[in-house]
Structures are given as C-alpha cells and as structure tokens.
C-alpha cells in the first residue's frame, strides 16, 4: 500500500511563468514517454510479479518514486500557468495580436477544462492511454520495455531542458534527467542478472521456449527486401549479416527476399455473409 | 517505394478452422505487440532517419518484411474463420448451447463487420493505435523500443503456439518465432555498433547530452521508497545498489526516500477561472 | 511525494480461482468507474489545487489510498488467474468443449499479453483513458464529479459482490464497498462546507459567475420538447416545473419547446475550400 | 432545433430475450457502421452546410430520423437483456457451466456498468468515436461517405437479421433494412443532381479544383506494383487499365511500378535533438 | 422518436468572426464537458430507464433540448470560421507573420477536414468518446453524473464567456449558461425526490445494497495516508473526520493509514506462460 | 509479400522548410482521410477477399502503392522540419515573440517525440486509429468506402495545395492529387462491373439479401421529420421524394414523420442490479 508526504521529492521553481512551456511539459506527464506510463507500468509489473521477489520489490520502489515525478511535473505546469493570469483575457479577445499569438501556443484546455491546472494528457491534449502499460509476465521483455521507456523519457527531458532558460525549470529537469540515468542502469542490472552477467544469454526472449521448435532455416537470416539491384546489402559484411549472432547461438546470414509460400486460396463468400450476388456467382464459378 | 508479390513469404495452412483461434491471432495483427506496429515503427524510423544510412537501409528492409507478416496473419484469420461457416447460423440462434458457447468465444465483428475477414484490431477488438509507433530520432532509444517490440512479440507468438494443435498454425508460428529471434539479434547488433562493441557505452541514452548537466547527487542512487522498517533493501547488496554502475561511469548507491523539495505553494485562484466564491475568499485570506 | 509498504491495505484471498471473474474485476481497475480513474483524479485535483489547503490535503490522502485499491484489485486478478493454469492449454485447444466455453469468457489478453496478470484496461479490454480524469479548478464541480465516481464505483462493486460466491472476494469487496461509502460522505462534506451547511448554496456552479449575466428568461424554466399533445407534462406539477428552485434562488416554470432563433444563414462556400462547382454556383445564385 | 415523441418510430418487440444478441445489436448502435455515427454525421453535414439549402434540409430530416433508430436499437438491447434477469446470478457464480457459457457471450458491462441497459459502444465494448463523423464541406465527398455508411450499415443489419429467429427482432430489422435502402437511394439522388443526371460528372472529387494543376502523366494510369513476372495484369484488358476512364475525361492506361523520385537525402541530425553522438559524428562525416 | 425545426432554439450571431474562438467552442461541442456528451447521456439514461416513468420523460425532454445546443454551437463555429476566408491563404503561406501567427491558433482541421465547419471533437481536435456517456441503471448515481456534467459544462461556458467580446457570442453563452443553471437544478430535484426531501437519504449509493454487508470497521473512517508526522490531520476536527456522517447513518472517525493485509503471495510462473527460465527456477526454488 | 526500393515513387523537394506546413501534412499521413488508412484498408480488403481474384489483385497493387505515398509524405514532413533547426531553440525560449509565435503553430511533438521526424498521427497529433480500416466482405460496400476515402483524400490534398507556395510541395501534391483521380476512377470501375455497366444495379447494398424481406412500406419513402408547418418539403417535388428510385426498383414517396411504434415498456428494475430502493418500489407499484 501507499503513503504520501506533502513535500515534493525535489524542489520545483518557476521564475518566469510560460504557458507555452506548460504545454510542452504535458508530454512528460501524459505522453507515451511520460511519467504516468512508467509509474503504472512499474507498479503493474510489480503487482503481476510471480517472482523473484527482489525484482518485485525494486519495481514497487521505483513505481512509487515515479508517482512523485508526476507530482513535480504537474506542479511545474500549474506554476507555469500562473504567469498567464494577468494578460490572458485581454490577449485572447484580440487586443494585442503578438501576445495573442504567443498565447495561441498554449493548450486552451489548461484554462477551459483545468482552470490553469495540469491534465492527464500529452502536449497535444491527447489523453493518456492505458495500452501503453506493458507487463508481459516475462521479466526480460519487461526490462527492455523499461529501458526503452527511460531512454525515450530521457531524450524527451533533454529536449525540454533545451527549450527553457528558466533556472528553476532547468534545475528540476536536471534532477529528472539524472533519475532517468539511474533507472536505465537499474533495469540493465536486472538484465545482467538474468543473463548471468552476459546480456546475450537473455536472448532470444522468451528464452524458456524450446528454440528447436522455431524454424531453423530463418532464425539467423537477414531478409533483404530491397528490389533495387544497384543497392544490394548482400556482400557488404554488415554486423547483422555476417559473423556470430549477438545471442552467441548461431551465425548471421543474409538472403534476398523471396516467397516461401504460395498465393493464398480462400473459399468463396459464404451466402450468410451477404457479399454481392455477382461476387458469389463468379467466385463459385471459379471453384 | 514498394512492390508486392501475390505469393506469401511463408505458407499458411489451417487444417481445422477455429474461430476462437482467429480471435487470438488478432493480437498479433493489431495489438501493441503486433505486426502493424512493428511494420509502421521500422518504416517511420527509416523515413525519419538522418543517418547513418546503413541503419536506414536495414529498417526499410525489415519494415517491408513485417508487412508480409501482417499478410500471413490476416490470411490465417480468414482461413480459421472458414470453418465457422457451416454451423454459425444455427448455433448463434440458439439451437445448440454447447456449440453456441464455443462460438461465443469468437470476435462477433469477424462476422458482423468483416464478413469473415481480419480486422485492424487486437484480440478484444480494440483498434490499432498509432501512438504505439515509436521513432525518437535517437537510434539507441529506438533500438531498445525495437528489441522490446520483438521480445513481447515473440512472447506472444510462443503463447499462441501453445494454444493451437493445428499443424499448419504451429508451422506458421514456428516461422514467425524464428524471425523474431533474428530481429532481436539485429537490433542488438546496432546497439553493439553504437557502443563500439560494449552495450554499456550506449548509456545513459541520449549519450549526446552533456552528463555534467544532470544532477550529480542522484544519478546513480537507488531510491528506496519502502516505508516498512522490517523489510529494508538497504544493506542487502543488490546489483542495483552497490558496485559499478552498468554504464561503467559511476558507483551505485542507495538512499531511503525523503523529500528534497518543499510543499508546493500555488497562487490563489484567478477570478477569471471561476472557482467557487468561497474558495477564492478563503485562499486570498490565507495569502 | 510518495512511499509504499509491501503489505496490502486489506487482505486479498481467492479460494477458488475464476478467470471469468478476473475479467469482471478489470472494470474496477481500468474502467471509467474504476480505481485508476479516482486515484489520478484526486491526485490531479490536489496538485492543481490553489486553495483552501485543507481540501488539497484530503485529496492527497484519499488519492494515495486509491492507489492501494488498484493494488488490491490487481492482486485479486492475478490470484483469480492462477486457477486457469492447470487446464488452460487442454481446454483452449479444444479437447473439452464445456471447459473451453467457460474459458472463453476470460479476457484472452490476460494470458497473451499479461502472462496471467492484470491489465490497465476495463472488462472488455478497452484501455484506461486519461480523459476521464476531471480536475476543473472549481471545487464544487470537482466534488460532484467525485461523488459520481464513488457512486458509480459503489454500484459496480455491489454488482461484482453479487457475481461471486468466493468468500475471499466477498470479503475484499465488502471492504471496498465500505470505503466507497466513506468517500461519498467525505466529498459531500466538502460540498456542505462550501454551501455553509446547505448544499443549495453551492448552485448554480460556478457560483462566482455573476448570475445576472445569464439569460433571465430561461434559467429556471423546464423545456418540454415532447411533441405529442396526448402526453404533456405541462400542468402535472412536477418538482422541476413548479415551486421554489432547488438552489432557492427562483421559481421553477415550464414551457413547451419553441424556437427562439431564426433559421441559420451561412455564407456561400469559399472558393478556396473546394466544394463542388455546382454547389458554389447554386449557393451564389441564391445570395 | 429538436422535438421528441415518447412513441417509437417503429415497434420493438422481443419474444425471447437473448443477452448475446443484445451484445451484437451494440454494433448497430455504437460501431463505425452504426446509428450514432450516421445521426451525428448527417446533422454535422447539415449544420456545416453552406448551400444549396435543399440538401441541408434533407440532411436535417434524415439525421433526425436516425436518432429514432438509435432509440429503437437501445430499446431492443434493454428488452433482450431482460431475459437475463432470472438466471444471471446463479449462472455466473458457476452453478451451471452450460448456461454460464452462454452468459459468457454477453457483454459484461451491460450488467456491470449499464444495469441491463445499452451502451454508447460497439459489439466489443469499444466506445463510439467522434472521428467517424465525416463532414468535409464538399457535398459529393460527403454523399459518398453517406452511401458507404448506409451500405456497410445495411450489410450489418442483414447479418443481424441472419443471427436471430426472434420474430420481433426480425420485424424491427426488416424496418431498418428498408430504411437503409431508402437512404442509399436518397444520397445517390443528390449525386445524380450534382452530376446533372450523370454520376460521372461528379468526378474527380473535388471537381472545383482546376484539373490541369494535377500531374497529367499519372492521373489515369493504373500502377501495377506486382513484382512477380508470372502474374502480370499488363495486357489483361481490365476495365481499369483500358478504355475510357469512368469520369469520361480520359483513357485508362497501365504502367509497371517504378521510382520517379530519387532516394531521399535528409540533413544530418541536429545537435539540439540529441541523437546518439556516434550517429551525429558519422552522419556529418558523410556529408 | 424525434422531430426537428429548421429554426434554432436561440439566436446565434457573430459580429466579428474569430477562428481561434471557433477552436475554443469545440470544447463545448465534443469535449468531455460538452453537449454531445450530455445529449447522448440523457437519452441513453431515458432509453435504459426501467422506471419511474416521470424521470424517463424528463430525460427525453432534456436530452432532446441538448441536441439543439449542439446545433447552436456548431452554427457558432461555422460563423466564426467565415471571417477566416478572406485572409487565410495569404497568411498561412507566410506573407504576414503576425496574421499567420494568429491563424496558427485555429484548428487546422477546421479547414483541412471540415471545409470551415465544426467537428465532433474537442478544442484540441481529440474526438468525442462514447465512454463518457454514463448510464448506470441507478438513478441517484446517474443524477450525480448529470449534476457534474452540468457543473463542469457551466464552468466551461463561463470561461468561454470570458474569452470573447463579441456581443452575439456573449448573448448565446448567456443563454447556454442559464440553461445549465436550470439543468443543475432539475437533476437536484430528482435527488431531492429520491431522498424524500433530504439529499442525505440518497447515500450511500446504491442504497438498495444491504449496508450490513459492507465492512463495518472502515465505512465511516477517514484514512490519513500522510507520512509526515509534522502535518497530521488527526485531531484537527475536520468535517470529514468528526461528527455525524453526511448520510446521517454513523459518526465520522479518522485513522492513520496502515496495512490490514499481508504482503501478497502469488504462485510461481506457469511454464506455459514462458517467463525467463531463470525466473521459473528461482521462483520454484523459493516455494 | 512485399519488396521495397530505396527510391521514392515521385520526387519530394522542399525549397523553404516550414514546420507549420509539416504539421498540416500530418493530416494526409495519419488522419482519417490519410494514406495510412487507405494503405491498410486496401490491403485488408485484399487479404480478406474471397473473390473475384481480379479485385484482390488490384487491391494489392494499389495498397502497395499507397505505402509509397506515406513514404513521400513522411519525407516531406522531415524536410519541412529541417528549416526549423536554426532558430528553434532561440525562439521557443522566448527571445523573439514573432518567430516564437510562428513556431507555436508547429506540432511540438515533431521535436519532443520525433526529433524532427514524422508521426503516425493527424494534424492535431491524434494518433491513427485502426477502426478507420473498412473491409466488410461486400465488394460494393467496400468500393463506396474506397471512393469516399479517395474523395475526402483528394479534397484534403487540394486544400494542402492551396496552403503552400513552395514549388516542390506543389509538385508533390500535384502528383498525389492525380493519383487520387485515378483511384476514384478505378474503384468506380469495379462498381460499374458489379452493376453490369449500370451503377444502379449495385443497390441496395448488399444486393444479395432477398429484398422482399425488407419492410415494403418504408423502403422508398422519404421521412420528413420537420415539425414546422411553414417549411414543408412535402409537395416540393424533390428528386428524392418523387419519380423512379435511383436503384430503378421502385418509386420515391414522402411521408411526414409519425410514430409507427408504441411507447416502450421495459420491465421494472431487477433487484440484483441495485437500482435505488425508491425506484424499485415505485416501478413495481406501477406494474
């Protein structure tokens, strides 16, 4: 279960409120690379965990921390919107076109729906979507999803860092960027453990499926679908076409794409599905 | 640009059509771990690529291959629905409760909307969603998203393999599982190249942001948010709390969660946002 | 910021695992009347709060409690899915039609995507949607949204209670139903305070907008749109057509629906919007 | 503006309530081919209409009629769910596996969220989505969307007709199927008028754009992307590769797909977008 | 069933067309607090109503009225977009940066997709979503949803009123604000009737569930999750921690949050769900 | 299966990069009238096709071509965003309000999430949605959906053409507009074939349902729902109220809307659905 503290995990200061930046921060709250997603993702992975227990514990710890990051960002949105209060009415009703234009870059729902508060949505107002919460029951697959989330999240945070010169916002983002560094590292630590010190043992994921059941002709073959004979990759000795496979279990090869199956043959339309009569007649006359 | 061949990449046979299994296959077509997502994800990463060119080429090759996988799975859905034709009407109108019950497990939209054909949706009929297509402009972040997609995709395919005893379906899935093995490997090969042979050089992602700008107090510290003094992880020497960080750039440490920021103080409600009068009065009397 | 405890807020026991009931429980996790929604709704209302502080504190307290309810329900889903392990493979591959039929009522993504774990989705697999998180900046409007959420949530919980005879599940639901009772009461307590002891003072919401600016002819008039002269409500003395208005500020009246505005007249199609030529010609010839 | 009558447009009778059929009917309420979509689509087209007025009037008439169809279908759902009342509790708690299995085919939200009432969702519980409401400002484009909506809607209704043997439901569907016949015809009548009696004059839509601005080399050429030399369509004299074009303005031709553009060349990654360092270095060294 | 009148319920005038304001009005059409939602919500509640009949009648009346409000707002959007016609092309192609900037605040889909007409979407272009239509089968729960919808709707309308100085728009909004006043009152009138004159009898909702089945230890206890010992609410005598409960059925109490359940124990991973081998081995070795 | 060529189908040049135009182009990529939709729609129709084979072949050809159009547009987005690189940082941080304002019209996720690359979303950042992919199993219904898609798509392309003065963009759009011309024609060619040269034989769709089963009283009757006696359409001799029906099978007639069904009577609330007690009592006392 959960507890809270009225204090923030890290201080949030805004020297010069900027409603446009408030809109950009929403991507880090409710976007696919944002904090609601990682918070729920780590917690669902913990709640669904069937062992080992030490991973469940870590997921609960970090999922709980992410909740504090949503709080910091929502607070930053609210503080950036405060600056909008003085001029908003005058500008939107059109008295000053330049200021109006700047205001035009804010999310209008910050005022209309939120009364100058944060939303559970991204920088375009698209709502957070629960489909982004990945919890597969396979720890390695989950950890790659987590590394990806922290990577695209850190990319986002560095871009936000670039787009502000407010010292308070830069300080807050410096904190969040640092936490993403740690989180990338800790999910990799799990992968290292799962691979007994060598990430390659982790693959192919899931590694509990008997690999001899997979088609042995195509499992380490790069399929080149490029039709242009003047730009073949065949023979170019790429890392993914030659040499030992990354999982250490085979050799990479390459092939030009070609059909291994026939043209599909479906049965004629069922009468009860009400295709057009002509369709049915012709399809049956072919059979 | 793109070309097609009327033949399939690999043969698709269904010996005993099964409309329930057709529903399950939809997850591999239109689910978050399905083929429409990886097809579009690799192609958008290619189209957005600003170099190196060899990664763009590979992404185009494999994105094009994934289109053929959607085709195989859609064909498998259509073939599995054929078996439903004989009995469907009788059973749904209620003459045979057991058969009706089995039919109950199919996606009714396979008949109602698709006329016994595949949909761009998951196993619950939830439509494919473009938000799943990740293309960040940072190759390492993208590759982790790709490894995750192929990992959760291979997990899904092995579970589908478990849920059928149709030899044709097992054969098709064996092919797709093998391709997932290759694709996991090839995205890892890019990460290996990006890290000059050591995946750890890749991190923290993005590695082009000056790391000295991130908060140095918290970037390699595991935050333990567990409030229960009887189950501390502090002192337990986990891989993510002690020793060299996975990226090789620091030492892991651990701290108990504690606020580093004050309780937030927002301004009082703006009159123009029309909070309740009592709110405004009390908030202002506090200020 | 937030802390957690590895223990649950209340015990979760499942005596006879039931994957169909696991599916039903998802509505209470990721549905519009579920716990993710109230958790995020109360927390966003807190984070966006501009006073009074005591409401912010209460919202933080209860938002944090709701996180523990998601945890309880996710745990209940995972425990209900355990029972599926023994028979699942045999049944879905079709050896036992009755058991297969029962299994047919489970959410297939609980296995395919979740590996027998909970999802951030409703009972039909539709993902949680951030648009449900209401935080308007007007405390009274927010409290009515909260009372509604706890009312539809308690309705849902009582229906789930009806659909199980597992003593553990009944016990857990009895706890959650009780908490909904408290939460309905506490949001009403805020409304009582806002209305100085009389809920009617709260209305019309927002009560800070000068009511004289609203159209005085129609603000306490029930509009009867029923066209059938044989079933008029006019003259039937309903509570909403006669007597003092509920907010105590006027008298209810009733009117038959009739237009107060003219037929709308839009300008002709703009050339640059490329309507059909015939449209443009005829529209202009009318003008 | 709008009025209502407590009576239905056409009678709705259910002799043998069937909760599975209630679920199927939802597709005709909240699905992409359902009645909420056509109701809103025709009304938005009317409200956005800039002439001719007689099309606006017709759209208002029929949009209003569609509202009555939603009402009939929602009533049919509620009546089909009544039959579930007697046995529901016993069956879902597991006492009778066969009945439970049949119940398993109902939408659980009909009980959990709706208390045995209809939802604004499709047969899989996926909510109605406003993106389906097409109103382009070009009457011909809109009419084709309307013909499509009434075509897929009539296909759906005939399939529902097939799936019930309840005389009341068959009678209601016979009414709705007939109305779809009329509505297909009336939208075609508009197209006939727009084309001065010949549908071909309507095309290409929009016909107000100066056609000489479109690329004259490719506007009546069928592009054959098939790579397999053994199955060319070239030379097969299809209706879309030879003869006068359907719009009567040119001759159809055919070409094998081939690039008309070069390989795209994007600039190197911008420093401020934080790609990986290696990417940036290599991309710039190529430039 | 339904009828229409070509005249509007109330006049809609725009003196100075403003495409930015057209965008803002969309929130009142297709947003969660908008008119499509209340229209469908009241109608579905009516169609699903199983008594008393007088509530069904009122819901039909007001649902029908709301349709006329969508019409007024869609007309207002179309009229506000007319002003964009003269300058649009010049400005977006960049000849005048200031005007271009102002145009930048409009919804581009008003032109691209709608040809200067309204959309079934909110102020950010996010489509209307059927999940917002609440109809629970419990009249009290439904009425609270309705009061909330009219409260957040009136908040929105007052903010729109603030953002325009067009006399026609102010007049239209004054009408809509007035109707929201009435609608708040009429839903409260139903709650008053349901409570026999005292709203408190309504709670806890649903009041038909035997309250003795809910956990008696926690149903009137405020759970304080705040971990900070320096800011306890315990002892502060809030309205929600002391005194008679609002529903009049008990006394409020308060407790500090503490676990009432154990740490959850899930079974080990099922082999058929293909967790990583190491996971399975370690989890089983613990058991 | 599918192949690709690194070259584009047609050249994509941008002389003056314009991030606002990049946003507008997104509508043609990920909007409901965009290229991802038609690409997947034609391919799913092909994969689900049960004959005639020549339609399947054509759908594969054109679906494959559409993939190349997504590629062209994504490339155009990336090239239009290049121009943003020089000034972006300076402007968004607020040093130049006019430039900042122009930047305000771009999609911030093009930078934040895409690193200056295209997204699978529309001009407002709303993700592509798989529900738009129509494949009914009835060729005529599908073809009308295809004609509609190419009509609204061509309308969109002509509007984009209007909004740019970049010669490269105008050239690319001229190509795409031309292809839409061809595609409208080719889907109409199928309808012509299905109707044996007369489109009217196609209707009513599906034409394989025995038309005598539809209600013969209402299938060619226009229902006039207009309540205003001063603006009747009755007697006005519209094309849809008099004369031969468009499908040639009957005569159009007109009727004023009137109920053909009684007021619906639902049973009282089920006890187990937990309506309010008062509801249940009153509803039963009426029965």
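Order of writing sets the labels: A, B, C, D, E and F. Residues in every chain begin at 1.
Definition applied: a contact is a pair of C-beta atoms (placed from the backbone, for glycine too) under 8 Å apart; a residue touches a chain by one contact, two chains touch by 3 or more.
Just so it is clear, the model here is predicted, and its values are computed rather than measured.
Peer 1: Given the two chain pairs B-C and D-F, which is bridged by the higher number of C-beta pairs in contact?
Peer 2: Between B-C and D-F, the larger count of C-beta pairs in contact belongs to D-F.
Peer 1: Taking all residue numbers at the subunit C/subunit E interface, are over half used by both copies (same) or under half (different)?
Peer 2: Over half shared, hence same.
Peer 1: I need the pair from D-F, C-E or C-D whose contacts repeat those of A-F. Over half of the residue-number contact pairs should coincide.
Peer 2: C-D
Peer 1: Please compute the C-alpha centroid of subunit B, do the same for subunit E, then give the distance between them in whole Å.
Peer 2: Inter-chain centre distance comes to 30 Å.
Peer 1: Measuring centre to centre with CA averages, how many angstrom lie between subunit B and subunit D?
Peer 2: 28
Peer 1: Measure off the straight-line distance from the CA centroid of subunit A to the CA centroid of subunit B, and report it in whole Å.
Peer 2: The mean C-alpha positions of subunit A and subunit B differ by 8 Å.
Peer 1: Which positions in subunit B touch two or more other chains at once?
Peer 2: 1-9, 32-33, 47-48, 50, 57, 60-61, 64-65, 75, 78, 89, 98, 101, 104-105, 111, 113, 115-116, 124-127, 129, 131, 136-138, 140, 152, 155, 158-159, 162, 193, 205-206, 209, 225-227, 231, 257, 259, 264, 266-267, 269, 272-275 - these are the residues of subunit B that touch more than one other chain.
Peer 1: Inside the complex, what are the residues of subunit B that reach subunit D?
Peer 2: Touching subunit D: residues 1-7, 47-53, 89, 92-94, 97-98, 100-101, 103-105, 107-109, 111-113, 115, 124-127, 137-140, 193-194, 196, 202, 205-209 of subunit B.
Peer 1: Taking the touch rule as given, give the residues of subunit B at its contact with subunit C in the complex, in rising order.
Peer 2: For this pair, the touching residues of subunit B are 18, 20, 23-24, 27, 31-33, 98-99, 101-102, 104-105, 122-126, 152, 155-156, 159-160, 162-165, 225-228, 231, 257, 259, 264, 266-269, 271, 273-280, 282-283, 286.
Peer 1: For subunit A, which residues are in contact with subunit B within the complex?
Peer 2: Residue list for subunit A touching subunit B: 3, 5-12, 32-33, 54, 57-58, 60-62, 64-65, 72, 75, 78-79, 82, 85, 88-89, 111, 115-116, 126, 129, 131-132, 134, 136-138, 140-141, 144-145, 147-148, 150-152, 154-155, 158, 161, 171, 174-175, 177-182, 184-186, 188-190, 192-193, 199-200, 203-206, 209, 211, 213-227, 231, 233, 238-240, 245-247, 252, 257, 259-264, 266-267, 269-270, 272-275.
Peer 1: Which residues of subunit D touch subunit E in the complex?
Peer 2: Subunit D reaches subunit E through residues 1-9, 30, 36, 40, 43-44, 47-48, 50, 57, 60-61, 63-65, 67-68, 70-71, 74-75, 78, 113-121, 127-131, 133, 135-138.
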